[in-house]
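Chains: A, B, C and D, in written order; residue numbering restarts at 1 for each.
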Amino acid sequence: MPKTKGPTLNPTIRKSRKRALALASVVTAAILTVTGCTSTLTPTDPSASCSTPIDPKTVKIYVGVGAFASPYFADVIKGVQTMAKSLGLEDSQVIPYESNFDGQQLVNSLGSALSSDEPGNAIILADPASPAFTKPLVELAQENDARLVTWWNRPAEIHPWDTGDGCWVAHQSYDMVAVSKQVSQVLFDSFGAEGGIVAIGGVPDNPTAKDRLAGLQEALAENPGVTLLDSQPANWDQTASQTLTAQLIGKYGTELKGVWNANDAMGLGSVEALRGAGLAGVVLATGMDGSPNAFEALAQGDFAAVGSYDGLYQGALSLALAYSVAVGETDLASLSETQRAFYLETSLVTSTNVDGFLVAPDLGALSYDAIKGDFWAKVSGPVRVDG
Amino acid sequence: MSAPLIELSAVTKKYGAVTALDSVSLTVNRGEIVGIIGQNGAGKSTLLKLLSGSVQADSGEFRISGEPVRLGSTADAARRGIAIVHQEQSLIPNLTVAENVFVGRSSGATRGGFYNWPALFRDGDRQLAKMGCDFPSSAMVGELTFIQRQMVEITRALSLGDDSDDHLTILLDEPTSLLNPGDIEFLFAELRALKQRASVLFVSHRMDEVLSISDRVYVMSNGRCVAERDPAQCNEDELYRLMVGEERSDDYYSSRRKSPTVPSATLGPPALSVSGLALNGEFKEISFEIAPGSILGLGGVVDSGREQLARSLFGLTRAPAGEVRVDGIPVRISGPRHAIRHGIGYVAAERKVEGVLLGQSVARNLTYCIPDRISSMGWIRRRRELEIVNEWISKLKIKAPHARADVGSLSGGNQQKVALAKMLSIPHLKVLIVDHPTRGLDLGAKADVYEQIRIATARGMAVLLLSDTLDELFGLSDNVIIMKDGQITGRHLDVQSCQPQFDQVVREMV
Amino acid sequence: MNPVKRLDQRGWGALIVLVALTMIIASVQPAFVQLQSIQNMTLQAAPIIVIALGLTPTILIGGLDLSVASLASLATVLMALTVPQLGPAGLILVVGMCAVAGGLVGFIQAVTQVPSFIVSLGALGFYAGVALVVSNATTISMGAGQSTLEWLGGGIFGLPVSFVLAVLLLVGSAVVVTNTVVGRRIYAIGASEPAAIVSGISPIAIRVICFSFSGFCAAIGGALLLARTSYASPTLADLYLLPALAAVLLGGTALSGGVGSIWRTLVGSLVVVVVQTGLVVVGVDPRVSNLVFGVLIIATVAATTDRKHGLVVK
Amino acid sequence: MDAATSPDHEATRADIKRDGVSSARGTLARRLENVGPLLILALMCVVLSVIEPRFATLGNLQTVLNEAAIPLVVASGLTLVVLMGSIDLSAEGVMASCSIVVSLLVLNSSNSLDLGVAGILVALILGALFGFANGFIHARFALPSLMVTLGTWFVGLGLASYLFPGRQPAIQDAGFRELALGKVLGLSYMFWIAIVIVIALVLMLRFTHFGRMITAMGPGQAQLIIAGVPVNRYRIGAFTICGTLAGLAGIMTTAQIGAGSATAGADQLFPAVSAVVIGGTLLTGGRGGILQTVVGVLLLAVISSGLLFLGVNPYVQQAVIGIALIGIVAATTWRARRKLAVVK
């Protein structure tokens, strides 16, 4: 039982509030003191940004990919590393981050990393994961005087030449509509272009996923005999597509003549669902990316076709281009818009030519000297601006 | 005569600076019921913890049938045949009775951790039979009535006798604090029947009970054993003096402070009048009036529906049918907020669940019902708040280190005072429903609570009192009504001047 | 009671952890506490603070609102659709809508008495679906509307406006909660709902208030993100749920309700950001950063949890 | 404040008292909560079959059941933890790392190992270790399980991406694949494994001391401690089982997609929690069980497959599921609402 003091005017009443305020002030004060109270967030001298050449000895190369666990992105990273080696850089100078397909995470990681480097000595090669994060990424590069090459995602409104004060070296992507259309056609032909298919899409709000579906639509338009029974998103995920395909098989049964997929992982998922239903090799699936497992599925006859693009080359080229600009070998001003926002070649892989893709790629071809001759040798055209 | 079953000699237990037990010595012989009385904080509960192995003594000797022991845990104590029945019921609602009886030890039916349900229920039923319980051991505890669960508690304690070779000792911690007269009689009968199988240590602060059931009584005060008495040769007042250290006022229920009850007619409408109140499954045809400044006692056993009635008047149940008038104006109460707005207050029986907000300060607890008085436009005016709070702290002599102390750190009695003050501080309060206001309080605290109720009535408050004991009910009330099975079975007017026969009242109840 | 515990109970535990972590990281990588790094961290902290702030009252009443993040995503989409036409009015409109939506969740939860975990989980799915439908699953440019949010992207006193705004919002809420009747009632419901009801407090009203506040904060959080990206997406804020939840609990606010404060959420949020940033700055291999983050969460909780509430921990 | 008078203990007492008075109504409500979900499930199947005959085919039934196998395993494990009033968020992380580990240990495309069954056991043990860690840290250091398992969730994901080799390890162990591909009565071995697990857990909860104590711990932990029951040991046990089953689910996923995946657990957690609660197990613990969870899982499986059959816009689907979640739980617990209920 508490000892009685009788009713006292309690000391801790004001304390409780003081304590609270203290808590806040300590934190904010701490921050303010370090930051000082004058500077603003925009770089002091915009015109000068990204004009000074980098120092190859200490330059840091940040690679932002969707997921380490993706074979395609693994290739991209490998490509960058190979190029870095041929440039005489240390392995430790290449630092990969994954966004897990959430641009915010990537922007945060890169922001944190850059904020502790000395500015003007970094190259960023990154997939913003969604156009929403391209602008923050460019601003980030700008604030830190870092050279930036973006992949895949870019809103229609902004371009390397009108944004980022020369820090945004280039944007590189692939013409997904075209290759997806080719792949779809092969799939249709596998069942005589008469019957129904289902489409397993990527993350719904992802433009790449949309482009790939657009390609399918174009193919469908040219093949009145083929009907799209159902189109469901599986968020690039193998397991999700496996489940989804299984359910769709349950729904459409024999009507189902083919399963179109927006990427390899989902394609492999679909194949397993088909195998589970005893339809593997009978009803074919498609893939997109060009991962080894997909090529094997193709060789086994589970896949009809795979749209492939060379992640190794993409990584190597992007670094090479950014590097040559960063060291002053290439003058940005001299480059055309096509040379700063371009599609790289894609290839349609089918049972006929798959063997060529099963052999291990020749990394020797990825040396700086081999590529710098013509950075645009494998360009298929300018990036469509309709997004 | 062999060594006593249990023998403590000069046992001392300190918690930090506080000395909970100060060289206490006592003995319990075979087949004996030993009573222990003392106020809260006198050291009773520490003594029980020590005997049941949940705490160990700092010094002194603890012997069981002559041999010194040191019990490490309750399980330890159980093996030595010492079982405790907690005041706070320690049954698990979603297990069967049988499981609760055997919880914490493996019986034949649960060998190797696998349950043989038929066997388990057989064992369970056998144990229940010993206590003369009529419900099956396969019943879910959650669906038993309170007294039934109390019986299960005791059954569990007794069942220890089977797997312990020692003679059994049962520690009863305030076993009656939540029971009503009929049940208490039943319990006592059981205890007396136990004598040949077990010794009982009966802890309570209800002297009448201790005197009636015990063969010997120890009186404890501030951690010391201040006296040992033979119930035959002592009376309540003497024990009271030993416990509290002061003479017990013959005006225990402070009826002298009671304002002379004027016939309600001259005083205008009754503060609360209820007619034809009914709530299906709970009670029906309830009609009564309470005049301002008078106390209406509401008697009955646990399932008599009186608690539901009280709660329904405060809007804690589905809205009952019938008419409720406050100061003659019909009111419809759909929830506590309406009740309070209409001037009806309620002091809950479940103090720690519904009475006070544990973990919140005394000040906050006191002001939850009067936001408008401590704030303007929603913003707390701390000075005003503190004035009001301190006013009530001093009015009710609430013993708290300061206004911001956690109400959970207060003694039961002071918590109850906070719960009272919370309601009394409502300016327009006309009717106060007090549900078992002194449950689990010691004598000193009880007296304070009675006094406060009196003061409230003196200010013209009408009080509806639900009470544990008939003493309290008739000591405090002006008029009393008795309920049974949801109906009123007896009315006793102006009980202060003419006390009715208790046995008749009990007949009305059961 | 040992001094550390006492500190915990006053909510200082998390602050100690924050300072300690900062010092450790700074000792490894001094640049960590330089202007640019601080700016970057405060920039990252802003949305977490706001969303965690919204979560806090729902946790103080013993509930939980899992839908904040996806509501924030939905908010960005709605803003991108309305702000270009309506300007600031659109902003206010969306914030209002989100507050109402949150309130509705609270109301449903209070009336049906379904655990808030479930109701808000359902709401999470609902918002996500609506966001996809409304946006037709595309990233939407703010276009002309961006000018309305421009100022949020700026800097003041060398700190991002968004961060200053977030902190101001938090300070404001904290003052309200500690000084108003409503604040008292929030704690009352959290501490003991039955006793609160018996004291004439309406749990429904309090729930509606808390959950609509969390809706309000979700919208603000969305706006902060939008100001940074200038593109809305139906999944823009989804990944903020766990960091925000972690922030509140790391601050030392108890899931059981009634224990904690808005202030603790500020500290908790900063801890989360410092950990996330620190992992990168110190150069932890990104492949194991999740692993380390998880371990640090547990460690910090261990350091900040207030254990005075009995043996029973769920 | 000691256990005996801790608020939740008091609260239970208050509840008992109130229910005790009108136990008839209480039990009716309880019965309704037990069969309610089952009724809804039946109703849903009937309605769907009427609207969309293809739904009622045997083939589709088999699909639904096969797809339910993995959620069944995850949710069953989770049920044990929820029965104690705790929660385990780590399932996705555990599944991810166990998937990668098993795929690297059985015959696969990225290394030369071929441990077969031993590999599966190692993965299971890893899952068990995760579960044990959850339980131990939670019980031993009295930390809220939600936070601890939130931490291990990240740890699991981290471990998975750390162990992930440059290229996705494709499973070449035919025997292992049989788990998913081999069928009895058109139902995969995985489904039967799930059924065996369900039965085992039901029996465990019904007939073992361990199981009964898990059920008791929800409302009665304080009392059990007083009675000298080693509650922490049981807590850790329950979490360990939960972790092991999550691991098993990861292994099953691997067998199903024929490759180790760092996202094997993606979107498994919240559906599992939903299933447990929809089935009628209280998040506060003490009431519910495995069979209820089975109903919950089937409900969700039928809903998602039903939405697919009705051709509902995929974007709308999760909105519908969200509403269904609230609706079903509200409907089945409606009768049990109390004026002074503690709603968390």
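As a working rule, contacts are C-beta pairs under 8 Å (C-beta built on N, C-alpha and C of every residue); 3 or more make two chains touch, one makes a residue touch a chain.
On a predicted model such as this, the values are computed, not experimentally measured, just so you know.
Asker: Mind listing the touching groups among the other chains when subunit A isn't counted?
Answerer: one piece
Asker: Quick one: name the chains whose C-beta contact count is the highest of any pair.
Answerer: Result of the pairwise contact count: C-D comes out on top.
Asker: Which chain has its C-alpha centroid at the greatest distance from the C-alpha centroid of subunit B?
Answerer: With centres defined by C-alpha atoms, farthest from subunit B sits A.
Asker: Report the inter-centroid distance (CA atoms only) between subunit A and subunit C in whole Å.
Answerer: Each chain reduced to its C-alpha mean, subunit A and subunit C end up 28 Å apart.
Asker: Centre to centre, by mean C-alpha position, how many angstrom separate subunit B and subunit C?
Answerer: 44
Asker: If you average the Cα atoms of subunit A and of subunit D to get two centres, how far apart are those centres in Å?
Answerer: Distance between chain centres, rounded to whole Å: 34 Å.
Asker: In whole angstrom, what separates the CA-based centres of subunit A and subunit B?
Answerer: Using C-alpha averages as centres, the distance is 69 Å.
Asker: At which residue positions does subunit A touch at least two other chains?
Answerer: In subunit A, residues 16, 68, 98, 204, 233 touch at least two other chains, as defined above.
Asker: Could you pull out the residues of subunit D that touch at least 2 other chains?
Answerer: In subunit D, 1, 7, 9, 11, 14, 161, 164, 315, 339-340 touch at least two other chains.
Asker: For subunit C, which residues are shared contacts with two or more other chains?
Answerer: Touching at least two other chains: 132, 137, 192, 194, 197-198, 287, 309.
Asker: Looking at the complex, which residues from subunit C come into contact with subunit B?
Answerer: 179-182, 184-185, 187-188, 191-192, 194-202, 258-259, 309
Asker: Using the touch definition up top, name the residues of subunit D that touch subunit A in the complex.
Answerer: Against subunit A, the touching part of subunit D is residues 54, 57, 59-60, 62-64, 66-67, 109, 160-161, 164, 166-168, 170, 180-181, 188, 253, 256-259, 261-264, 266-267, 304-305, 308-309, 311, 314-315.
Asker: Which residues of subunit A touch subunit D in the complex?
Answerer: Residues in contact with subunit D: 67-69, 71, 74, 78, 98, 204, 230-233, 235, 237-240, 242-244, 246-251, 253, 265, 268-269, 272, 275-276, 291-293, 296.
Asker: Would you mind writing out the residues of subunit B in touch with subunit C in their complex?
Answerer: So the residues of subunit B in touch with subunit C come to 314, 316, 335-337, 339-341, 346, 348, 350, 353-360, 364, 367-369, 371, 374-375, 378-380, 422.
Asker: Under the touch definition given earlier, write down the residues of subunit C that touch subunit A in their complex.
Answerer: Touching subunit A from subunit C are residues 10-12, 15, 18, 29, 31-44, 132, 135, 137-139, 141, 143, 154-155, 157-160, 167, 171, 174, 178, 225, 228-240, 261, 263, 266-267, 270, 276-277, 280-281, 286-287.
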